[in-house]
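Okay, handing you the structure first.
Naming follows writing order (A, B, C and D), and every chain is counted from residue 1.
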Amino acid sequence: MSAESTKRPLGQWLVLGTGVTLLGLGEYLGLFWAPPEMAMGDVMRIIYVHVPSGWLALVAFLSTAIFSGLYLRTKTPRYDHIADASAKTGTVFNAMSLATGMIWAKPTWGVWWSWDPRLSFTLIMFLLYVAYSALRRFVDDTESRARWAAVYGIFASVSLPLVYYSANWFRSLHQPHSTPQTVDASMKLPLRINAFAFLFLMIWFIWRRYELLRADAAHESTPPPA
Amino acid sequence: MNATLFATLVAIVKKDLLIEWRTRARLSALVFFSVAALLMFSFALGADIQTMRDHAGGYLWLGLLFASVLALSEAFRVEAENRALEAVLLTPADARAVYLGKALANALLLLLLGALLVPMMLVLYDVGLDGPLHALRLLAVVALGVFAISAPGTLLAAISTNAKSKDLLLPVLLFPLLVPVLLAAVKATALVIAGDPMGDAFTWLSLLVAFNVVYWALGFLLFPSVVDE
Amino acid sequence: MVAQPYTLLGAAAEVGSGVLEGHWGFVWAAHALGLATLLGYGLYLVVKKPKG
Amino acid sequence: MSAQAIQVDGVSKRYGARWALVRTSLQINAGESVMLTGHNGSGKTTLLRLMAGLTAPSVGALRVFDRDVVRERQAARTAVALLSHQSGHYDDLSAAENLRLHAALLGRDTQAIDELLARVRLRERADTPVRQFSAGMKKRLSLARVMLKRPKIVLLDEPFGELDPEGMADVETWIAEERKAGTTIVLATHWIDQGRRLSDREVRLTNGRLV
C-alpha cells in the first residue's frame, strides 16, 4: 500500500495537468482578454477567482456529506477518508472565497466586510467545517471519530442550500449569485474555464489528501501478530 | 418483548424530567445564569432604553443559547457518569426513541427557561405586550426556537460528552450550526414584539419550522450512529 | 482607462505607480491570493509525509 | 437454536494507538460457563464489551446465537446482559426508580421489582437515591438489573468486587442457579476459587491475546 501511494498514478498527473492548464488559460482570459464590466469596471475581474472558489467549496462540502452518508451505511474507512479530504479541501476553497470576497467588497461597497446574508452564511459554513476538523482532532478512537465526523458532516451540509440560495432568499446587497447565465458572454468563458480548472484542482487535492489519510490509516488497521 | 418506540420515548422523557426535578438546585442555577446573562447584556450596552428595546429579542436568544449549552452538557453528564445510557441501550432500547426522548426533555427544559426569561426580558428592556394573545405568540416563537436548538444540541452533546475537552467542543460544534436558527428566531421575536406591518413574521416562522423538521429528522436518523459503536 | 487593453507589464506598472482608480490593485491582490493559496496547498500536499 | 452461544472470530480491537485485543478466536456453547482470567488491562473487559455489542471489533466478527453483534445489534443485545465495572445507574434516582425505568424499557411489568430488591437485600433502601449508596450496594443494584432482564447469556465483569462476604455468597448462589437453569455464563474475575467452582473451563488472556 505504501508503494502504491509513493508512485503516483497516471490519472492523478492528468487531473493536475488539466487543472493547471485550464487555470492558466482562464486567468489569462479573465485578466487580459475579457472586457471590464460596465458598472463595476475592472474590479469585476475578481469574479474569476472569487466565484469558482465559492462554488467548488460547496461541491467539496457536498462530497463530504455524500461520503459521510456512505460511510455510515457501509462503515468502509475509505469513505471516511474521502469525506475528511473533501472537508479540508473545501475549507481551503472556502477561505479563498471569503478572502477574495473581502478584497472585492472594499472597492465596491467601501468596507472589507458587510453583513449581507451570502457573506455571513459563507463565513458560517467556514466555521462549520473548521469545527468538523476540530471534532476529528478531539477524538482518539478511529471508529468513533469516523462515525461522529460523518454525523457532523451531514448536519453541517444543511448550511449548503442556505449559502447557495441566501442571495436570492433574503433581500441583500449581494448580487444574485453569478452563474454563466447571469453574466455577459465574454465573461462567461473565463468564468467557466476557471470553474473547471478549480474543479480539476479540487479533485487532485482531495485525491492526494485521501492517499495521505489512507497511508496514515494503513499501519493502524493491521493488528500486531498474535 | 421489548418496549415499543413510543413506550421507550415516554420512559426516557419521564426519567429525564424526574432527574431534573430531583436536581432542581441545578435547574435554579441555570435560571440564575440566564438571568445574569440578560443583566450583563444591558450593562455591557449601556442603559439606553431604546437600544435595549430594539434588541430585546437578540439578548433573549443569546441568553437562551448560552444556557442551552450548559443544560445540554449537564443532560449528558448524567448519562455518562456511570455509563447509564449504555445500560439503557443494552436493554436493548431503540436508540432513535432514546434520542427523541432526550431531545424532547431538553426542549421542555429550555422552554421552561424561556418562559421564565420572557417576563424578565419584558421588565428589564421595557418591552410592552398588548394582552395575552401577544404573549402567547411570543411563547410560540420561543417554543419553535428552543425545539430547533434542542434537536441538534442533544445529538452534539452526545458526541462531545465522549470526546476530549467536551466543554469546549460542544459550543464549537453547536454555535455555527445554530446561527441560522438564531437569526430566524431573533427576527421572528423582534417582529412579534414590535409589530409586523410587512407580514414578514410568517417567513421567519416557516424557516424555524423548516429547521425543526430537518434537524429532528436528521437527529432521529443519525443518533444510532452516534451512540452505537 | 476602461477600454484600454491591458498587458501584464502595463498593469503591473499601474499597480507600481499606485494608480488604483481602475481598482487593478484589488484585482491583482485577489488573483495573487487565490493562486498562492492553490499553489501553497498543492505544495503542502506534495511535501506532506504520512505519519508513522 | 445453534449450540454456539458466542462465536468470536479473529477479533482485534484497537483503542487509539493501543491494541486491547489481538486476533482472538473463541467459541462458547449454549449453557456453558466460562471463566475469563488475566491481569488488569489484559483485555477481559474489552472482550466482554465486544460480546455485549457495546463496542464494534476493529477487525473480525462476533456472533451471539448466530447474530452478528454489529449488523444485527438489537437481536444480539436482546440475548445478553452485562454486569460491568460501571454501575449504569442514574445516581439522582432511587434504586426502585432505576429498576422501574429498565422494566419499562424491557417491556416488563413492575411487579417483580420489590422481589428483586429483596433478593439483593436492598428492599429497605428502595427509595434512597443511588448517590447515597456504597459501592457494594451499587453492585447489588446492578445485579438486580441483570436479573430483571433474565437473559440467555450473562456477562459478568468482576461480580465479586466491592461486595461483602454475604454479598459474595449471594452472587455465588445466583450464578450457580443460573448455571443450573442453562444460562450461558462468561465470568471475568480475579477470584480464582469462586470462579473455578462456577465454571466449566478457564480461558486466560495476556496482553490482549488468548493463551
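Here, a residue touches a chain if its C-beta (ideal position, glycine included) is under 8 Å from a C-beta of that chain, and two chains touch if they have at least 3 such contacts.
Every value quoted in this text rests on a predicted model; they were computed, and no experiment measured them.
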Higher-contact pair (C-beta pairs counted), A-C versus A-D: A-C
Most widely separated chain from chain C, with each centre as the mean of CA atoms: D
Closest chain to global C-alpha mean, per-chain Cα centroids: B
Where chain B and chain C are represented by their mean Cα positions, the distance between them in whole Å: 46
Interchain centroid distance [CA atoms averaged], chain A/chain C, Å: 19
Distance from chain D to chain C - Cα centre to Cα centre, in angstrom: 65
Centre-of-Cα separation between chain D and chain A, whole angstrom: 48
Touching two or more other chains - residue numbers and ranges from chain B: 229
Shared interface positions of chain D, touching two or more other chains: 56
Two or more partner chains touched - positions in chain A: 140, 143, 220
Every chain pair in contact, whichever chains are involved: A-B, A-C, A-D, B-D
In the complex with chain A, residue positions of chain C that touch it: 2-3, 5-8, 11, 22-24, 26-27, 29-31, 33-35, 37-38, 41-42, 45-46, 48, 50-52
Chain B residues touching chain A - in the complex, by the definition given at the top: 152, 155-156, 159-160, 162-165, 169, 172-173, 175-177, 179-180, 214-215, 218, 222, 225-226, 229
Chain A contact footprint on chain D (complex, rising order): 12, 14-17, 19, 22-23, 56, 58-59, 70, 209
Contact footprint of chain D on chain A as seen in their complex: 75, 140-143, 220-221, 223-226
Parts of chain A lying in touch with chain B, wherever the complex brings them together: 72, 120-121, 124, 127-128, 131, 134-135, 138-140, 143-144, 147-148, 150-152, 154-156, 158-159, 162
